Amino acid sequence: MEQNALKYLENDRFAALAGIKLVRAEPGFAVARMEITENHLNGVNRVQGGAIFTLADFAFAAASNSGGIVTLGINVNISYFKSPKGKVITAEAKEISSGRKICGFNVDIFDEDKVLVARVSALGYKLGSEL
Amino acid sequence: MEQNALKYLENDRFAALAGIKLVRAEPGFAVARMEITENHLNGVNRVQGGAIFTLADFAFAAASNSGGIVTLGINVNISYFKSPKGKVITAEAKEISSGRKICGFNVDIFDEDKVLVARVSALGYKLGSEL
Amino acid sequence: MEQNALKYLENDRFAALAGIKLVRAEPGFAVARMEITENHLNGVNRVQGGAIFTLADFAFAAASNSGGIVTLGINVNISYFKSPKGKVITAEAKEISSGRKICGFNVDIFDEDKVLVARVSALGYKLGSEL
Amino acid sequence: MEQNALKYLENDRFAALAGIKLVRAEPGFAVARMEITENHLNGVNRVQGGAIFTLADFAFAAASNSGGIVTLGINVNISYFKSPKGKVITAEAKEISSGRKICGFNVDIFDEDKVLVARVSALGYKLGSEL
């Protein structure tokens, strides 16, 4: 991964607050993980939707910015299928299309049993400047 | 607001971690706010997308659960328009349609200057049990 | 409405095939309608989702192109709430945010009883060339 | 494929109007295709977004109804990446998650060169009655 991109991701304080770790990042692909703690739970003790989203969105940011071009998320669509089981959830982001200015990503979110708990479709806008 | 719904919202630990406050909640409508701190920033010092989403999702949860029927978010679509300015962002969730099992909400997210920075469309599924 | 934009909309052959009429169009706002015929029905005699979408998307195209700048739809999110009643459905598209390259629209789709049957959130990308 | 499901799909008049052919359908998977004619074009001679959506939505309907349980589309999110080249576009719908009432599908839309021109994420609601 491009060095400035790595700095950019390490400097993401909301991701840090949410306990998100970057597992892997290369242009067009990234994996991030989150160990579930009490901090991630909602009022009925499920993993909160915003926590799952934030993990997915961070994987998307890692995959879309790893090449060194600043890419902003402009639309993110998340569907929630299951409540995650186990202590860890993982998000895998993958580029599915890349145009001059717009790129599309798929992010699959799995629980510890490798069950797909949520799916994200995301659109990025390439600012064109370098990180 | 129904008392168990209030407890449910107060017990949301990820919303608490994100510094989200419930301003108002009644069946079909809710307002939540977040004071921006360093914790909410991403690697280029903008408010992180997951923080904005979490605020909007919490307002949606408040509006959709305030009547006391457990309602799960099943799809949330967010478009990001502007980077928020100022120290506070506010999310207003409003029911736009309610069926027997499925309900639809709109959530507008404003910055301190009342500029619309993001828009959420959300679908809820009514579990049918009470909180 | 700008004259080339009008020609562009009148030359939309899929919208014509679907029986869609433009009721009103100005920069940032448009209304389109569709009289329901047997052609619009799916296998269980409801108005087909693609017909409803096409109406909404056309209203979005009218609202986003009326100023004369070519704007492409890049993401469209539709939620279906009710099966339309009556003989006509109407879509009202309204700009909710406009940036240099990206714009956001809301489209409400009503049946003949003015019931909200579907809601669209759409993102446009301004090509920058003129129609 | 279940026989009533086949009748249901063959009786879809809007899909027929749009020139859509079912190539394959089984529970959780379906392929549909559309030969591009002048009828499918918008005002600037590209394949109209509603035509692409209708093809994808039909593939989703085929995949989600093939087992014989009536499944309604409740949310469909489409991202458009490229203008299709060639004379045919094809949509492949695949179930990615299935719960008791809610199911999720992915639909990839390819042009004649096998380029991914659009991607759909769709949520279905299982009515529970049989077709």
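Read from first to last, the chains carry the letters A, B, C and D; within each, the first residue is number 1.
One rule holds for everything that comes next: a residue touches a chain if its C-beta (ideal position, glycine included) is under 8 Å from a C-beta of that chain, and two chains touch if they have at least 3 such contacts.
The shown structure was predicted, so the numbers you read here are calculated from the model rather than taken from an experiment.
Novice: So what angle, to the nearest 5 degrees, turns subunit B so that its CA atoms land on those of subunit C?
Specialist: Fitting subunit B to subunit C on C-alpha atoms yields 180 degrees.
Novice: Taking all residue numbers at the subunit C/subunit D interface, are over half used by both copies (same) or under half (different)?
Specialist: Here the answer is same, because the shared fraction of interface numbers exceeds one half.
Novice: Counting only C-alpha atoms to place each centre, which chain is farthest from subunit C?
Specialist: Between subunit C and the rest, the longest centre separation is with A.
Novice: Subunit B to subunit C: how many Å between their CA centres?
Specialist: Taking the average C-alpha coordinate of subunit B and of subunit C, the gap between them is 28 Å.
Novice: Measuring centre to centre with CA averages, how many angstrom lie between subunit C and subunit D?
Specialist: Taking the average C-alpha coordinate of subunit C and of subunit D, the gap between them is 20 Å.
Novice: Go ahead and note the Å separation of the Cα centroids belonging to subunit B and subunit D.
Specialist: Centres of subunit B and subunit D (C-alpha means) sit 32 Å apart.
Novice: Mark out which residues of subunit C touch at least two other chains, giving numbers and ranges.
Specialist: 74-75, 77, 79, 102, 123
Novice: Does the chain-touch network form a line, ring, star, complete graph or other?
Specialist: Topology of the interface graph: complete, with all chain pairs in contact.
Novice: Of all residues in subunit D, which touch subunit A in the complex?
Specialist: Against subunit A, subunit D makes touches at 75, 77, 79, 81-82, 96-97, 99, 102, 104, 106, 116, 119, 121, 123.
Novice: Within the complex, which stretch of subunit D touches subunit B?
Specialist: 74-75, 77, 101-102, 123, 125
Novice: Residue numbers of subunit B touching subunit A in their complex, please.
Specialist: My answer: residues 7-15, 17-18, 38-44, 48-51, 53-54, 57-58, 61, 70, 72-80, 131.
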